[in-house]
């Protein structure tokens, strides 16, 4: 089953030719790198995917309800399910977003949920990305190219065609659009994900813009055209983070934001995708509470499991963490991209005791998790097949209903003993095949 | 009840012409249970570009605008009449976030130690709040030029020196440690001079104004312009522009009996 | 018709110009390389003067190599191809991925030719890729206005380069006519045409006599399209 679709070299050459790159900054200079592609696909069976799909829809629906709740009444806090300390002093909680509901009540339109599969076959949620999860464009274009180089493979397999991502994205934008065109707001060519911004603009028909192309008047967002005319914008898929979005509401030094876009947004005249303020629902501290949210809002049992997680914030958990630090992985709540993650098993005696002290002193800042022994995937390397750690970023789109894209970004570590799969840290990617039911 | 006439003006002189100037002003007072504002007029110079109204999530009235044409001076002037119905309180409830620290009011060692020394056991929220305000008033020395607009409560507490904004931030940090919902207020309070800053605490149904710089509840000569969790949520003027220019700001205000 | 941002108009125009500049200079360089076989080395100095490129080269061999392949020489053909590619990368959604891939292909092929002793043969695929680029642009671009602007850039560059390189006056006339046709068909609509430069060009094209007017004509061509929208931000 795990046969390569084609010579990885062929696909990587095609990826280079199609400009599939991501940018990184090293020692202060910008470089574009190819995202190494591995030709052995990850295959998810129809049965597995059916569960994953149900579980992800449930999870993202609950997260959207959570966001709506905490930016209005905060019932889940009043009912004692989520402690207020994990909401109102979270870096991601934005008071300027309180007291009003975004178009159609949707906060996380595009959710990137990271999962891993344990050796016993169980899927675990690793983290939720509800701000600007990136990466969908890579498997999207890789599939296009693989079908070009290896049509025979696709002829005889029952693989869900993943090239509907653009139309899913487009209908999500259209659904929340408040009147006017769709635009994708990019910080510019020197952003790590510029390829993705321009590719998704091409595929969805949205206009790719930078902040200087946009302005607000009477609480309506417009795009300037080159003749001095203006076109109303009804939905902005913004690929810049919350703090840079509006220099008159958030960071005043932002050079990539749009002045008064928050006024247009609050007036209900434009949809911002994803909604600002989502950071409060996807930090590693809130992660602990997501299964409780599912029960609270939906009255259902969570279909997908969290990795067993401990919050040193709770005394009982703290005691367990301090006693078992050697076998746990500790994560800094506010860090992302594979940073701020340390394994107890790699610590010296001194480091263990330093960490115990730090965790005790700053109990809100860290979570600890059991290390999941997740499956290795086959990766072709220099003519051999080697085993590497990999995760899966699934993309969930919320519009008129919540849909899971039948594919995803499988990222793998390129070092034998590493668990870190992030592209910014040198990881590669695979296509993800979801098999259709027999 | 008291009737007041107010006049408030800010002038920004740029060292060089600027363009693409976008701004948000929180300079027009609005009516609440305590003050009724009649006929507020806001004049903005130069008369170019577009101006419109908006509201922020804290409930403030905003004047927004954009001026693309080059200009070296920017000024706004608000005039109007206020009826002060009640000297220090208005009805209203407070969102949860007013109970938690905000960017400029995160407590550090100094605030924590000060709170420990000065917190009272009283069961009455207002007694505790007024007590903390008095402690701040006694511990601090009013002096201009030592702190900046971005100075945090913790920094000001450490130096024990500051202006009304710092007094307000320190009091907010202490009130929130005490679990009291409270917000920062900018407004006009003197016959003439600059703007003033004070604090409002919420007891579940009322907002009550406390002025820690003068160690008193606010009186019927106070006109509120705007509020937020701290200064950074509700500057009276905030703008961005293109052009490598510095600026000099002149502020004047007048509040008189009418 | 879809909306186009000001920066994209600027980029489209320059994309058309740079791609065409690579193509025209490559062709004229090939002519030079052909003469080089029997020893027409000194001709490169006149060539440089014609295209208004400073002679920074130590010898004809140095010119032969650096003018074509040296990315650090801002006047080299590869530098212009790099600019074309840079403009293309920020126009993916406008020109579409296949068109961009031909520019990338031209660049990859171009680089692989460095050091060859049969440059005109080895570089044929570079020219093929540029031809394919234009074919792809015409077939894939969905925004008619954007397509007109990229062709406007191409036409401006051709007229400009033909004049500079001293092409026969029939060729120049044909390019000027072509440019005038472009502008009169779309000029009013695009709103980016300088009226007086256009009038001057029309008069020159009618006279069919370009002797002694080369500099003035080039100046009018350079002023013809006004796309200086680039804003530099500082706070």
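A, B and C label the chains in the order they appear, each numbered from 1.
Please note the rule applied: contacts are C-beta pairs under 8 Å (C-beta built on N, C-alpha and C of every residue); 3 or more make two chains touch, one makes a residue touch a chain.
What you see is a predicted model; the values in this text were computed from it and never measured.
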Chain located farthest away, centre of chain B as origin (C-alpha): C
Most central chain, Cα average position: A
Rounded Å distance, chain A centre to chain B centre (Cα mean): 38
Between chain B and chain C, centroid-to-centroid distance (C-alpha), Å: 59
Junction residues of chain A, two or more chains touched: none
Sequence positions of chain B contacting 2 or more other chains: 240
Overlap residues in chain C, where contacts from two or more other chains coincide: 231, 233, 235
Residues of chain B that touch chain A when the two form their complex: 22-24, 50, 52, 54-58, 62, 64, 66, 95-97, 99-102, 228-229, 233, 238-240
List of chain A residues in touch with chain B within their complex: 74, 77, 84, 88-89, 93, 95-100, 215-219, 247-249, 252, 259-260, 263, 266-267
In the complex, chain C residues that touch chain A: 2-10, 89-90, 92-93, 96-97, 100-101, 104-105, 108, 191-192, 229, 231, 233, 235
Parts of chain A lying in touch with chain C, wherever the complex brings them together: 16-19, 141, 181, 189, 194, 198-199, 201-202, 205-210, 212-213, 223-227, 231, 253, 255
